[in-house]
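Residue numbering begins at 1 within each chain, and the chains themselves are lettered A, B, C and D in the order written.
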Amino acid sequence: MAYIQQHSAELPTPVRLGLIGSGWMGAFHGESIARRVPGAVLAAVADPNVDSAASVAAQLGTAKVTADAADILADPDIDAVIIASPARFHASLIAQAAAAGKHVFCEKPGAQSLEELDAALAAVETAGVHFQIGFNRRYAEDFQSAKKDLAAGIAGQPQLLRSLTRDPGTGSIPQAARVPAWTIFLETLIHDFDTLNWFNEGAEPVEVYAVADALVEPSLREQGFLDTAVVTIRYSNGAVAVAEANFSALYGYDIRGEVFGSKGMVQAGRATETAARRYTAEGLSADTPRLNVELFRQAYTDELADFAGAVRARRDGVPPSSGDFTITPGAADARRALAMALACIESVKRGAPVAVNETAAV
Amino acid sequence: MAYIQQHSAELPTPVRLGLIGSGWMGAFHGESIARRVPGAVLAAVADPNVDSAASVAAQLGTAKVTADAADILADPDIDAVIIASPARFHASLIAQAAAAGKHVFCEKPGAQSLEELDAALAAVETAGVHFQIGFNRRYAEDFQSAKKDLAAGIAGQPQLLRSLTRDPGTGSIPQAARVPAWTIFLETLIHDFDTLNWFNEGAEPVEVYAVADALVEPSLREQGFLDTAVVTIRYSNGAVAVAEANFSALYGYDIRGEVFGSKGMVQAGRATETAARRYTAEGLSADTPRLNVELFRQAYTDELADFAGAVRARRDGVPPSSGDFTITPGAADARRALAMALACIESVKRGAPVAVNETAAV
Amino acid sequence: MAYIQQHSAELPTPVRLGLIGSGWMGAFHGESIARRVPGAVLAAVADPNVDSAASVAAQLGTAKVTADAADILADPDIDAVIIASPARFHASLIAQAAAAGKHVFCEKPGAQSLEELDAALAAVETAGVHFQIGFNRRYAEDFQSAKKDLAAGIAGQPQLLRSLTRDPGTGSIPQAARVPAWTIFLETLIHDFDTLNWFNEGAEPVEVYAVADALVEPSLREQGFLDTAVVTIRYSNGAVAVAEANFSALYGYDIRGEVFGSKGMVQAGRATETAARRYTAEGLSADTPRLNVELFRQAYTDELADFAGAVRARRDGVPPSSGDFTITPGAADARRALAMALACIESVKRGAPVAVNETAAV
Amino acid sequence: MAYIQQHSAELPTPVRLGLIGSGWMGAFHGESIARRVPGAVLAAVADPNVDSAASVAAQLGTAKVTADAADILADPDIDAVIIASPARFHASLIAQAAAAGKHVFCEKPGAQSLEELDAALAAVETAGVHFQIGFNRRYAEDFQSAKKDLAAGIAGQPQLLRSLTRDPGTGSIPQAARVPAWTIFLETLIHDFDTLNWFNEGAEPVEVYAVADALVEPSLREQGFLDTAVVTIRYSNGAVAVAEANFSALYGYDIRGEVFGSKGMVQAGRATETAARRYTAEGLSADTPRLNVELFRQAYTDELADFAGAVRARRDGVPPSSGDFTITPGAADARRALAMALACIESVKRGAPVAVNETAAV
């Protein structure tokens, strides 16, 4: 052999991540880490359903499997955790992970009440660990393009904003009914609230008025499962935003954002799956995006790459590179969006506008 | 520690690839392999400019570096090679790699003459190795969507086809002039020829008529460097295709394909970088795609993932999964497109149509 | 001369229309009638500003001019009137015209209160004349296409609707401030309300919640002039709609409608002035629609052609042809939209949702 | 009655036009004049099929009908003629009309040979009458927008151009076969040639290479009826253009133009009938334009309004207003495009490129 150099190449030591929760979304995050995030290793998977954890680990070449997240938190070889368990466990897992000195990426929502969230975020602050919340839309290329334009002042002062989520669902709303009643606010519209807050950066949400109903599956109305909602939000800078969501968009996964302001408008949102177009005797047609993990595949990868990069920077003492505008959603973002979701629930109950700080006060 | 399982996870052994040529495109392929192709390892880099090879290897964590591609070919730890050297070396490298029992991914063109290419492909066939040519557009999601529709008969019998390449260039055409005179046919339009052949699968290109000129940089006309070309192609099924290229598209990297037939039309090509849109006092605006490695980033990854998958399937004796339609561009595709490019050069010289088999005969 | 036939061709006698109000919109309606509506004649123009009326008449070849609309109402040669005076005169002019046996086309709003409107519509009913309100968007080709799809059930049961008006304004909001404070609801959003009612045909608006502010020209807030508004509307079929408006869209005249339902979504609204596109070093760009009389030029013509056709059908005893879906906006449409606008005003005053029938009761 | 003014309004005397040829296109032009061109009157209709002429006249309220175009030419009350007879009569009708002192609007082509055309245009020049050829695409709003951008230098120096015609046809190509064999060049692509010439104003077409075949209806190949053609055109400024046509576009009427140059690209062409969009379980869909008289309805009106305006300006001694760029297609445009069509026919016969001036020399 005549290689001029033949040695261990000196790449940075990979970041070692532990996955907590190996359900549908957890498994996808695991796959992103193992296969698509350079410099990150999926080191362990925890799930009370240990067969699920083992299955994910086997597919991804992950060496360690446990039923108990505490094993991951106690493992000195693991730098950080990805929390993808059911939402009701998020807050305590954040707090435990922080106490164990692990950096934390947590799927939204950060908690189901502000009290819980505040306790968790206090633990994060005390431990000095890095915290990122799973608002993945910030990493979608079209939303980033819009944000960049907004940061550059293209739209001027925001006056009207819109964000929407139309979810194709599983075709099985009754199944969905087993999830908590307020899912549409706590787990779906919370994404839209974050998009609006990010697009309207610098302003605070002041008041919300929410309308919600069970239009897809009216039989679930009595059980409190709502599948359609519209929210009007007043911001401290006068801007008025509308967020809307529906759980049964037959045409696919439709996520859009729009900001109208004193100088113009920017829009994000992808109407079709690819740029390909068909023209037949029936006219123009094109495929529409379906699963969120297809539409946002790259965004899901990029949010984890951002997290891995931040963890590495902390570990290696290198400041992470900062861009032209804020991307990484952190503690304040998690809290602001949750406060809005909770105010919406109260607004639906009252049938009246609700001040965000009424429910958000600590 | 209380992990339920703690063991070496049983992932398939990665495919080990050697990169030959670490110029701009080679370095990008190396990065794709090292960072974005699951199950592949960039095991070695060869370049006569060994500093370039070392630099690429260092960035990508590749252990082996050499000035001589023969080192890679002789290395039993390497399964396959990626040939990204200048085009004039392609044919002999293909032949040598095949003779060394390495599977071969080669950037286009496979050779600069049909004689050379036929010799190289004969070596591939004799050795029984897998061969893939770098027609990356087949892996772009919109071109795949169009191909899928064509395979499903959406457009009916093809009658009119179009493929175009508008390259933003480097802003430095005189530099480009140092590349061979017929680059526009041999290295650029060869992509379009393959797209047309793939879209019109089952038909053979019969005759070409090519017009070419130095319109971007007229001063280079005498040196024979042509920057603008239009080609008309007659196919055996009667379809007529047009391919066009230009080396200085100020608005970005514009790659489109279109097939019109007895039942309709399909189009591929991405007009804007993302789905984001701006509306200002100047009207609507959006960013356009720029570098090919941005526009086709995923396509470049996917062509290498396809190659790695095929190499692994050969190694492990598992047949690669086959899809609804042909994707992987192989020996016959490399030859067909090269024959067209050579016929175009002859057509420009004669100022007349030229039968493809006139230059393609062996 | 050797003409085979040479005679007075037997075209139907034109419909003779009198224009009441020759301001900007009145003059445009006059021009549409005189130049673009076959079978209609602009027979007279009335305006207290008789110079304005005379100027319009002179440009359009109209023979009769008066300062007093009563002259037109008393003229037996006139079949019908177009009311384009300031809104505060609409109701009494409708009533007078009906009493004089003239068919009536009235610009929106039909009145400024429901009491006035009901009196006017009672006069219409008593007189048995034809009544059309100026909801021109129903005649825009894209809104008609959407309506046709909705009537065919493409979107299924409506669940979420949206209509918006972004008006480029005159660049002179202070001037706008001389119009009544609630213009944004009574004269602008009333269009959106009608679009939503038409798209959600068969359902009744039940409750509105309106937010409005002076964001374009905050100094006018105290004078009550509002330039930005968002309205949430609950319909009797459970659908939730959002209407929004703003008086200073720098990028042009942006009118959109969207209906999302159990089977899909339909959208109307034209993003660019023409299908032409530019690609330059700055990316993609295109011109956006500007004046409403440009964007809706054909729609304005077609609404008057519809009116003229209905008048002719009444006169000649021929039933007007009916299409696949309802187009002509009549008395009930005028009332429904006005009731919503009035409920919005009340909602802004109260800062709370308001039942439409609370203000709409007669 | 108390009208302040009651008098004959002083509108300009209308232009009185005679229609020669009342077939499908002639009847449509007649309707445009009678109903959509302000200031023009359809004064007479001539057609050897006098029943056809009488039927058109009756529908449009035209008083005079004749089997003999000479009656119109001899009528002192008629200012100008619209020639919409079969193409083989165009040249002699132009000459006769000019000799009779009538201004002439003639559908394309101006003639079927350059000799005939030159004779006809000489008569026009001798008589000093106004001449316009029916290249209606110049009046389409998107083509005008593109032309305006080109005139402003947006695309820089043209390098690559494209124009295409995809005609949905009548679904009855055998019927079409009764029209002359070279229709695709003389009556269809002649539109594209004019578009290219107009977009590349200042340059002359130098050489064409045409490929044509009977792909839609191969059985008609022997009779010489060609339904598919592609033409490459070299211009005096080095630009290379491609024109293509097909007579059976199942998806509708598809007319596009594109100019790529040293600074950018402009595109014209309307992909969908309206801006409305549908999203269903099948994805995105929209209607496509169908009949040319729908797609170009306003363009057909505007070309006749331009003609009527020019006739009025001549009559009244007022110079017609001139715009930012050339619109009205005249004698030179008619000749240039015809010369290209004839050179294409020769190119198909020879299977080789043909210099335009080879067939165009007088």
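Worth a mention:
Just so it is clear, a residue touches a chain if its C-beta (ideal position, glycine included) is under 8 Å from a C-beta of that chain, and two chains touch if they have at least 3 such contacts.
None of these values were measured; they are calculated from a predicted model.
Looking at the partners of chain A and chain B together, the chains they share are C, D.
At the far end from chain C, in terms of centres built from Cα atoms, lies B. Two chain pairs, A-C and B-C, are weighed by contacting C-beta pairs, with A-C ahead. Mean C-alpha positions place chain B and chain C at a centre distance of 56 Å. Put simply, the C-alpha centre of chain C and that of chain D have 36 angstrom between them. Inter-chain spacing, taken between the CA centroids of chain A and chain C, is 43 Å.
For chain C, residues touching at least two other chains, in rising order: 250-251, 254, 263-265, 271, 273, 277, 279-281, 287.
For chain B in complex with chain D, the touching residues are 156-157, 159-160, 166, 209, 211, 213, 215-216, 218, 228, 230, 232, 234, 238-240, 242, 244, 246, 248-251, 254, 260, 262-265, 351-353. Against chain C, the residues of chain B that register as touching in their complex are 250-252, 254, 271-273, 277, 279-288. By the touch criterion stated above, chain C contacts chain D in their complex at residues 1-11, 34-36, 38, 44, 50, 54, 57-58, 60-68, 70-71, 74-75, 141-146, 149, 154, 263-271, 273-281, 287.
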